[in-house]
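One chain, chain A, links the two complexes that follow: it is found with chain B in the first and with chain C in the second.
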Partner chain A sequence: MLLQAFAISPLLMVGIGAMLLMMAEAFSKVRGGLALGAAAVCFAGVACAAGVWMYGVETIPGIDAFSPWLRVDRFSLFFDALLCLGAGLSCLMAGGYLPEHNLDRGEFYSLLLLSTFGAMILSAAGDVLTLFLGLETMSLGVYCLAAFRRASARSSEGALKYFLLGSFAAALLLYGFALLYGVTGHTDLQGIGDAMAKGNIRNPMAIMGLVLILVGLAFKVSAVPFHMWTPDAYEGAPTPATNFMAVAVKGAAFAMMLRVLLTAFGDPRSASWASGWPPALAWIAVITMTVANLVAGRQESVKRMLAYSSVAHAGYILVGMVATMHSATQASAGVLFYLLTYTVSTAGAFGALILCGRRGAEAVTYEDLAGIGRRHPAAALPFAFFLLSLAGVPPTAGFFGKWFVFRSAMEGGFYWLTIIAFINSVIGAYYYLRVLVFMYMREPAAGAPVATPMRSGYVTAALILSAVLVIALGLTPTKSLSVVFQAAAIFGG
Partner chain B sequence: MIPVEYYVGLSAILFLIGGIGFLVRRNVLVALMSIEVMLNATNLALVAFNRQHAQVHTGQVLSFFVIAVAAAEAAVGLAIVLSFFRLKRTVRSDEADLLRN
Partner chain C sequence: MLNLLLLLDIVPGPANAATPVPETPQGPWMGFAYFGFCAVLAVVGAIATVASPNPIRGAMGLLLMIISIAGLFLALHAQFIAAIQVIVYAGAIVVLFLFVIMLLGSDAQTPSDQRGRIPRFGAAALFAGLGLAALTLLGRTMAKPKLPGDVGSDFGSIDSIGKVLFTDMLVPFEISSALLIVAVVGAIAVARGKHGELAEKGALNK
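Showing the complex of A and B:
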């Protein structure tokens, strides 16, 4: 019993921590410190996940008591740690950002933690019931975070679009699963998968279900052409919430995608090029990368550019997803490693963007950043570093993330897909480098507002943490590779 | 006894009505209602399919959870619509046009 509680301790930590934080916010008169508390809860969640991982989750007796509702395995532990890391970095950023921009209301942190809790449930869900509950717990929290700037028309507009399309996608996903339940009589993913392997996939109702589920998943990972909400929601939300959406929500959505496609549709027939989901996913990946990269280059706002860049990264990850049809373990390990590098690089980039602005002068556009490299090198340097990692310049983490995903696509024989992905990452370098050009080679136009960086220990701490991880992942990828391989091993084969 | 297929057909029609309503209507409140129709179509399908697989009540239980979640979703959704309305004095989604490109 105690060991079972230990096995789900990351979930308990974040769930109970969120409740306690909500109480503390409601009943204590002390302001401030909430950010530190929330970040501490998140990093304690990382520590718990690491502890269970090292103890060996397979050796805990009675671990099957949670299944099929929750699959407590190395895959879900990996995501527990990843999502808590992303959430913790967002909390640290919020600790600097919210007071600076006069938004310091405590519910931000409990919403963020409860949303993280939902994301963790989602990544561990082995049944449609928990999958839907986790998805909605996560999404409802994030809708509120996106609408957090109540006085801003942009914020509520972005949140409105996000809410409408997000709920629409959830309804599509759910109807798809309802159809599958009709065909197979199962709501647990493993049961659906077993029934699919017996040839049920030829049933037109099952095909319809698969299509609806794919569309719903594409909405949630913001793949083109289902990405319309992404730039608006990302731009309107306060930047720490944007970071949370880009990092944790996207990570959990990909965890759901991996589990659903590889467990419920992992049989040789559904996962084949001739009669399954891989070709649909491959085309979505191609459109996603190309459209996102072309549109990102035309943006005037850096925040919006980063939103499109996160769409483009979803495209690269989808390339890895397609490759799972040949080697489930190796390709999904590539996807997990990519998510890890993407998390730390994106968090760093958003943190640096926060650091470059202050009250009344939030740095948002390229013009805002003009010349900041010479005036405030301490703020510009980390920004440049994380953008280089996002662009995939060696020896940063981003380079190895791309390397492993592209390599697994090559080994799966998807040469054309790899070439398109490679061309796209070259196009992508253009708009990342454009920020560097503005920061280091341009001077602000006469009379234009000049961004001055804020001072905040919280944001600095978040930046240092992400920078250490980016460098560590870039210099010694072997260690973390063995971790992602163990996490991906649950898919076997 | 009415065959299960009829219920499933009805639920598919409801789902389509909801989906088309969501995509076509520009009033945010109608879009919200369309989503509710879609979720209820799902509930109908789940309960109907449960009769085919009557050994366990998975479908019915799932539909209860969907009802609860739909209520929570409506609460958050209406709050967001309200905050949008307060700032823009409209609930038409084509006037949500500040964010572009």
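Showing the complex of A and C:
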């Protein structure tokens, strides 16, 4: 009993921590410590996941007590740690951003933690019922975080778009699951997978269900052409919330995608090029990368550029997803490693963007950043560093993330897909380097508003933590690679 | 209310496993009449919802349809679904509709439809055709649906649903509490936010 509670301790930590913070926010007059408390809860969640991992989650007796609702395995522990890391970094950023921009309302942290709780449920769900509950818990929290700046019309617009399209996507997903239940009589992913392996995939109702599920999943990972909400929602939300959406929500959505596609549709027929999901996913990946990179290059707002860049990264990850049809373990390990590097690089970039601006002198457009590298080198340097990692320049983490995903695509024989992805990452380098050009080689026009960096221990702490992780993942990827391989081993084959 | 209906013998009681055939204690005619009554009311309500130009009447038609369908659920021994239908749809959703109608003013009318007849009838024909195509496709390719085997006499009753909810389905049930909390906290965060920020803006302007 105690060991079972230990096995789900990351979940309990975040869930109970969210409740306690909510109480603390409601009954205490002290404002300052909430960000620290929320970040501590998240990092404690990381520590719990690491503890269960090292104890050996397979050896815990009665670990099946939660199945099929929740699968407590190395895959879900990896995502517990990853999502808690992303959430913890967002909390630290919020500790600096919210007071600076006069948004310091305590509900932010309880919403963020509850949303993280939903994301962790989503990554552990082994049944469509818990999957849907986790998805909605996560999404409802994020809709409200996106609408957090109520005085800003842009924030409300973005949040409303996100809410409507997100609900629509959830409904499509649910419809797909309902059709699958009609075909197979199962709601647990393993049961659906067993029924599909018996040839049920040829049933038109099952195909319809698969198509609807793919569309719903593509909405949630914001792949083109289902990405329309992304730039508006990302731009309107407060930047720490944007970071949470880009990092944790996207990570959990990919966890859901891996589990659904590889467990429920992992049989040789459904995962084949001739009669399954891989070609659809491959084309979505191609359109996503190309459109997002081309549009991102034309943005004037840096935050919007980062939003499109996160769409483009979803495209690279989808390339890795396609490769899972040949080697489920190796390719999904590549996807997990990419998610890890993407998480730390993106969190760092958003943190640096926060650090570059203060109230009334925010860093919004490229012009705002002109010359900041010379005026405030300490604020510009981390931004440049994380952008290089996002662009995939060695020896940063981003390089190895792309390397492993592209390599697994090559080994799967998808040369054309790899070439398109490679060309796209070159296009992507253009708009990341454009920020560097503005920061270091331009001077602001006379009298034009420029960004002034803020000072915040919280944001600095988040930046240092992400920078250490980016360098560590870039220089010594071996250790983390063995971790992602163990996490991906649950898919077998 | 359900127990009252059962006591009055208007509604068929839970089917007895030993005697599966009779729809109601009074014989098959009573059950048929009950079904017909509910079904006709549901169709009338649905037509009133779509066809009525007055939004309040539309909402009332919706209410009628929802309650009639709850009656149909009762005839299928799905007491729980019937109760939920009344509480959630009739109780919450129709009231929400009425609130919106009241906020807009009950005489709010949509501006008269400017589209010509061809697009309108074209759309109707298109969707009817698509629906027909989907139905024939399903009818041709699907195997005959297997009827579910003998379900227990208390299948779908409030007791059995409660038992399943608190034993087998305890994990999702507990997770749904997180969903409710996040909805409440989120609603408060969004609603309270406007107040605080606008008040502060006003203070700055002074």
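Basically, the second predicted complex is superposed on the first by the 493 of 493 C-alpha atoms of A that agree within 3 Å, B and C clash if a C-alpha of one lies under 4 Å from a C-alpha of the other, contacts with A are read in each partner's own complex, and residues count from 1 in each chain.
Following the convention adopted for this analysis, a residue touches a chain if its C-beta (ideal position, glycine included) is under 8 Å from a C-beta of that chain, and two chains touch if they have at least 3 such contacts.
Treat the numbers as computed from the prediction; the structure is a model and nothing was measured.
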First (chain B), second (chain C), both or neither touched by A:236: first
Chain B versus chain C as contact partner of A:160, first or second or both or neither: first
Contacts of A:144 with chain B and chain C, given as first, second, both or neither: both
Which of chain B and chain C A:136 touches, first, second, both or neither: both
Touching partner for A:269 - first (chain B), second (chain C), both, neither: neither
Chain B versus chain C as contact partner of A:174, first or second or both or neither: first
Chain B versus chain C as contact partner of A:22, first or second or both or neither: second
On chain A, the residue positions that both chain B and chain C contact, one per complex: 129, 133, 136, 140, 143-144, 147, 150-151
Chain C-touching residues of chain A, taken from the complex the two chains share: 15, 19, 22, 66, 69-70, 102-103, 105, 107-108, 110-111, 114-115, 117-118, 121, 127, 129-130, 133-134, 136-137, 140-141, 143-144, 147-151, 203-205
Complex contact set, residues of chain C against chain A: 137-138, 141-142, 169, 171-172, 175-176, 178-179, 181-183, 185-190, 192-194, 196-198, 200-201
Parts of chain A lying in touch with chain B, wherever the complex brings them together: 128-129, 132-133, 136, 140, 143-144, 147, 150-154, 156-161, 163-164, 167-168, 170-172, 174-175, 178-179, 181-182, 185-187, 231-232, 235-236, 295, 298-300, 304
Complex contact set, residues of chain B against chain A: 8, 15, 18-19, 22, 28, 31-32, 35, 38-39, 41-42, 45-46, 48-49, 52-53, 58-59, 61-62, 65-66, 69, 72-73, 76-77, 79-81, 83-84, 87-88, 93, 96, 98-99, 101
